[in-house]
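Two complexes, one shared chain (chain A), two partners (chain B, chain C).
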Partner chain A sequence: MTIPLKPNPPLALPRFVILLRYSGKKALRLLLLMFAVSVVCFVLMKFSPIDPIEAYIGGEHASLPPEQIEHLREYWGLNDGFAVRYVKWIRGLLEGNMGTSIVYNQPVADVIAEKFSASLLLMGTSWALSGILGFSMGIIGALNRGKLVDKFIKLYCLTLASAPIFWVGILLLIVFSVWLGWFPIGLSAPIDATAAEATWGDRLYHLILPALTLSLTGVASIALHTRQKLIDVLDSDYALFAKARGAGKWLLFKRHGFKNILLPAITLQFGTIAELFGGSTLAEGIFSYPGLGKAVVEAGIRADLPLLVGIALFASAFVFAGNFIANLLYAAVDPRIREGARRI
Partner chain B sequence: MGQRIPLLEVKDFTLQFKQYGRGLKQIETRVISGFTLDVHAGEIVAVVGASGSGKSLLAHAILGILPSNAATGGSLKFKGEELSQSLKERLRGKEISLIPQSVSYLDPLMTTGKQIESPLRKAANAVKSVMNRFQLGDDAKNKYPFQLSGGMARRVLIGTALTSGAELVIADEPTPGLHKSMVDETLGSLKELAALGRGVLMITHDIDLAFVVADRIAVFNKGLTVEVADAKAFEASPDNVKHPYSKALWHALPQNGFHSVRGKDYGEEIDAGCDAGEEDDA
Partner chain C sequence: MNRRQKTLIYASFSAFLLIAVMAAGSFLTEEATRVDFARKNLLPSLGHIYGTDWFGRDMFIRTVKGLSLSIVIGALSTIGSGLIALMMGTAAAIGGRRVDACVNWLIDVVMGVPMLIFLILVSFIVGKGPQGIIVGMILTHWTYLARVVRAEVLQLKSSQYVIAARSMGKSNAYIALRHILPHAYPQFLVGLILMFPHTILHEASLTFLGFGLSPHQPGIGVILSESLNYLSAGQWWTALMPGLSLLVIVRLFDLLGDSIQSLYNPYKSHE
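And now, the complex of A and B:
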């Protein structure tokens, strides 16, 4: 009897080819995602009861002559059907034109660039802060399992994980801005200064409370996950063996713990980018922080379709990029994933 | 060798676990009772017993890595000195080392070379000589556990005992699931350790292995040392062992007729059995 030979394992490809192929696949997926997002935005807007003209001119609607209104409608292309508007929009997009925002009366790309730079500061700070703090808290908790520190960390995380962002934000506002008067009530710069006049000190000062709001709540999930994962590692056979080989607690963590808990932490931290986007929308609303989150709310309630679609596309690309980076980092950390990618 | 102070001396060792039963009632489960054994430098002593009889716990007790709900009694001595928890912590990895059961005892994200290196002493030379000795090529150095074959992983595990420089090596089920040639190779490595003057305590369920490699065999049943017998004499004839469990074990071997004693449980007979443990080299 002959035993059929197994097919040869596929040849291992050079690293950059794998990376290129992988990136290409992901780019295609991103394009499809963006297409879907834009269609959903247009469909949602079609069923929105808000009239952009009414939202734009507000109470003065009655006093404006009808031919003016008609002119505006024509100018913004509101007289076309949604299908026609979509085709026009796509055609513009292919030429690099994302349209003009009704609310800000500026090109959408400019609005996004301006608002995002403010949001990036806020999101970046709170993302880094919550990541580092949460990771460290998880490690401290796991290494002191069952002790008072651990119980405190767990209590904190479980409380904050179940506290909504807007509630935490308002609480911080009440305590630090209203009662103590340490921080400004809102905005990203003093209200009497123009954008050019605001110093970095001003900006940081205005950033603290909203960034704190996002970090305080963001810490919880990464701390709890890291804690649990490290506990699993410390209970593993290989940790037991390391102990039998004379490794103390700290050496055990350094030799085996850190690398093994890094992967889930990375997954989680890059996964929270989507949450961060949502969270920053809320936090920016509470603190009247003029970022992307505030702009998207404006675009929604004033039926500014080009801006809404623009921000939605931008946000999906941003979140997508976060997950993509996480995937690349996995491979850098875990040899098993690296090996798997070679075989596909 | 009987007169020298043994490397490891286990006397009337007991081990029990506290567990919660129904409600707040605590139950004590005794896993090992009245275990007696000694290991001298340069010899291999095998502890043979059924799977799940608590043999591995003995190894963990010697190294002080038992779970926190375990309680021990009796005496464990290393070179004549009583092994307290703090002494165990000082000795493990330096004087006493463990060869664990399976690949799961290797860190999945660490390369072979680093795994072999003792966490306590950084010595690239030692790692290199161990890898040469166990025929782990240069490419094996940068491999991760998931890339190793079963035999290679086994050699890595044994290698860890060598870099530690420990005098007492405890091998916990060193050969399960290995191909015959790998088993021979593994046993060869253990013999080599003994030839280098180390004492080896081999824990196994496979009495044939013990016959091949061990100088003495401690038969372990239901948490008790039934008896300690000379390996060669035991292999030659069941008349050289006293306890019915040992005799039954001998008869159950394929080459000795494959007889099993049905429905017989020697648990009760052990107490009334023979003078366990005091049998030294015949």
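And now, the complex of A and C:
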């Protein structure tokens, strides 16, 4: 009896369809997550002790007759059901209406746009710096495992991983601003100039210390992770085989190490965006850098709920977008995802 | 001395130091941090090893009190978070595919919101002070541990001895108590101890920004944000020492967690 040869399975979908489907799935997930965050924010707003009428009219609301207040409540839809209010709110959000900030007396969207450009500069700089530095430190540590350099890198990372970011910032401030006098204490632009007039030189000058703070503390996790991954690779059988054939340390790293440790490092670095947001909030506080972090603290202290919720939503969208990009990069770099169904 | 004994010594040393700090903090009374302008702004010396602040209060005593309050807040939030993690992780592991997907999704949601911003939002709504911090931390810190618990229980559930016990007709409760719990709890315990330093750091950060403890409560965050005002006067010691102490406490907890982990891990404990 002959077994009929199975015809080759038809070639799976073309590459771009796989990628498209993959990114579509991820985008759907992103939307679902944003929906959840918006519900959480809305529930939190609902339970907040702030009465919207009181917040907008201020102390004078006591002098308004109760019918007027009732009328206002009706007008603003405060008497509607929970779901109705949520739908109204989300519809407004989608149209770009995030409410008006009480502290800045401007639409929340405008405040966020203005502050975010400053924050983006700070976070982008320190993100790239800490990524490159941490990655190189991890490689150096792993290639010199057990030597003094490695011990020093490990000690540095473990210590900095447990150091409070704001404390590191204060120490930098003590050394560079108070003792050496190289930098002023605070403000990303000269106090007499408005933000628009500040030159790029000024901005960079005031960016150095906060970015340094975030980079110094940010290298820890990626360096330790990269070091461990590279050590795993160097301990593997294929590395041993390559060594047996006479490959040197550098060749081993170039041919086998680099590609294997790059992917996890990329994921990890994109995953730290959420933490970076928190870190930049602290760094902006210490160095009076006028970014989103400073605005969120201000909003929290002065009970500016629209701004607070707006920033929370925006920050999560930013973090999710970061994770989304990481997923896409993964698909582009990792042959197992890129080739997708074709291999199976 | 082998590594196991060394690890034991490390672990007991750090546990002892942490308990000592906590006990010392709760025995110190208001009297110890009395305002005394005769000895204000002193540099660190033998009498005041951390120096004194603008009001002549001894910085070492303030630091110890702050640390002990941090440890108490950290403990409460860790226990709360741990309970949530235990429930979520177990539910995800044994509740079927739907529950699993749900829990995983929830974890993604919580991890996606920048933690500090979420904490600010919660502390704004619950109210400032310890209760706001604790509620916020319980709501945010359970995610990592829930993943650990889920993975652990999933793995145990499909292990040979659990399958054997089930086919011998043992009840679910028996299996959970005799087979799953003894294997899962060391991981859980280690996860709890490693969560501790995070809660302490976040409490200090939140307080530093003005959302946690109020300025008259002892707290490292309070001390450091105060020190920011006196930096330009050259008072470096009010910032350096308390921050360094916080770092040491956090490191100690990390070491404690790591050493307990390597003691419990059968592959590592005899290295």
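Rule of thumb we're sticking to: the second predicted complex is superposed on the first by the 280 of 344 C-alpha atoms of A that agree within 3 Å, B and C clash if a C-alpha of one lies under 4 Å from a C-alpha of the other, contacts with A are read in each partner's own complex, and residues count from 1 in each chain.
Rule of thumb we're sticking to: a residue touches a chain if its C-beta (ideal position, glycine included) is under 8 Å from a C-beta of that chain, and two chains touch if they have at least 3 such contacts.
Predicted model, so just to flag it, every value in this text is computed and none were measured.
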{"item": "Superposed partners chain B and chain C on chain A - clash or fit", "value": "fit"}
{"item": "First (chain B), second (chain C), both or neither touched by A:Ala303", "value": "second"}
{"item": "Partner chain(s) touched by A:Asp237 [first = chain B, second = chain C, both, neither]", "value": "first"}
{"item": "Which of chain B and chain C A:Val40 touches, first, second, both or neither", "value": "second"}
{"item": "Which of chain B and chain C A:Asp334 touches, first, second, both or neither", "value": "first"}
{"item": "Partner chain(s) touched by A:Arg255 [first = chain B, second = chain C, both, neither]", "value": "first"}
{"item": "Partner with the higher number of touched chain A residues, chain C or chain B", "value": "C"}
{"item": "First (chain B), second (chain C), both or neither touched by A:Ile266", "value": "neither"}
{"item": "Contacts of A:Val178 with chain B and chain C, given as first, second, both or neither", "value": "second"}
{"item": "Closest approach of chain C to chain B (Cα atoms, Å)", "value": "5"}
{"item": "Intersection of the chain A residues that touch chain B with those that touch chain C", "value": "none"}
{"item": "Parts of chain A lying in touch with chain C, wherever the complex brings them together", "value": "29, 32-33, 36-37, 40-41, 44, 47-49, 158-159, 162-167, 170-171, 173-174, 177-178, 185, 274-275, 277-278, 281-282, 285-286, 296-297, 300-301, 303, 305, 308-309, 311-312, 315-316, 319-320, 323"}
{"item": "Residue numbers on chain B that touch chain A, as the complex places them", "value": "60, 63, 65, 89, 92-94, 97-98, 100, 102, 104-110, 118-120, 144, 146-147, 160, 164"}
{"item": "Complex contact set, residues of chain A against chain B", "value": "236-238, 240-247, 251, 255-256, 259-260, 333-336, 339"}
{"item": "Touching residues on chain C, where the partner in the complex is chain A", "value": "105-106, 108-109, 111-118, 120-125, 127, 197, 201, 204-205, 208-211, 220, 224, 227-228, 231-232, 234, 236, 239-240, 243, 246-247, 250-251, 254"}
